[in-house]
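Written below as structure tokens is the structure these notes are about.
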């Protein structure tokens, strides 16, 4: 390994972290910059497989309306620079999805397998997907004493009156990420 | 990016990791070194905002008595060196607080926004805060079959006879971190 | 810190990440390469202490049969290169173990303390162990509406008919990690 490789590795880590952040902050305009135009994805052991940047962004934004509060975390990067403009990586993944409309919380773990390509000097994700190690589904409505709590998407009033997915007004409310 | 920048980035990561570790290991004397004297914090979407190192350390140590077992994790660093002695970063955050006195466990996630400043050649946190993506509160007393388990703060006997916050003798017991 | 040190630090991170991945993917042949022959371990505050690579690998593989779905995560590395062939590190640790046979899920957190040694130019773990900050045990069978979900080790049919530890045919089934 040399300096050039360390610099590329740090750049790829940042790319992945920006991608994960955009998912949880629902920044669907910004996430576009993380992908090559011809990206292929195989999320959740291939259960959700898509090709092409527009298709992937549409899938992500529809999968994660404002009624789903999520944390997607990428850990433990094992990144190989495979050429001047190509790289591969394995990452550990943890995710949690608190679905306010369905009153479920899902927690899972797995491993990402990614490919990256440099386009005009910028690393982009050109292939991504993960296999799950496990997933747990909790029915939070039935859990004794369970309370979801306000976040940056929800004021106290919103939490007291939880949104339904069928309620069109909620999912499209402007989101203040700061 | 160059070597000098990579070195600063690694140093800032270590600073953040030392800070997070001091919080969970309740090392209130050591945590002082992580902060500038004029630090400002806005924890939990600004619900807990303070100025000045002494005030912040006092808040942290009072918020996390020995009856609260915690894990605070900083992930996915996106660090920008903005000058010879200044830097900014965004981090993903996961936290869990198992409150033995209140028999609740809180799990949450969010994003930190930090500023750093070099003082006498050492990076320090001069501004920090986070916005939550979500938080879940579990009443563990009511959870079927739930058991908390011994840790380095509690012997088996202590766990069988769980402390109350009103029990002054417990929270001040000497803590063996090794 | 200089370039040589940054390169060693990145190499040690990769070693640790490969080790953690091998544990969760149950790659007991591959994990051997992560350890020196004379490795000593003190897992779970020393409750599980062993010496020697073969003994450690045997413990790990027996502790984590196919009926236990796990995520072990190492975070927040504070790595010190202490000599040309030696290094020390502290890591934050999160773990979750979903035991399908006992219908429990355990979630915990703590801190690793590691030593590394270079053998024939490759970093290896020569000492590792962790102290827990806390652990929570959930009886998932009794949790209202709880569902475990298929993973790469279990087809839908396997999940509907959950294995018991006493069922010898299950734990030895071939595992497809891709």
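Structure notes:
Chains here go by letter, A, B and C, matching the order in which they are written, and residues are numbered from 1 within each.
Rule of thumb we're sticking to: a residue touches a chain if its C-beta (ideal position, glycine included) is under 8 Å from a C-beta of that chain, and two chains touch if they have at least 3 such contacts.
Here the structure is a predicted model, which is why all the values come from computation and not from measurement.
Between the two copies, chain B and chain C, the C-alpha superposition involves a rotation of 120 degrees in steps of 5. Homomeric contact chain A/chain B: same residue numbering on both sides for under half of the interface positions. Centre-to-centre, using mean CA coordinates, chain A is 24 Å away from chain B. Chain contacts: chain B has residues 3, 6, 75, 94, 143 touching two or more partner chains. Against chain C, in their complex, chain A makes its touches with residues 1-3, 6, 9, 45, 75-78, 90, 92, 94, 106-111, 131-139, 141-143.
Residue ranges on chain C touching chain A, taken from their complex, read 3, 6-7, 10-11, 14, 16-18, 20-21, 24-25, 69-71, 73-75, 94, 96, 98, 105, 140, 143-153, 177-178.
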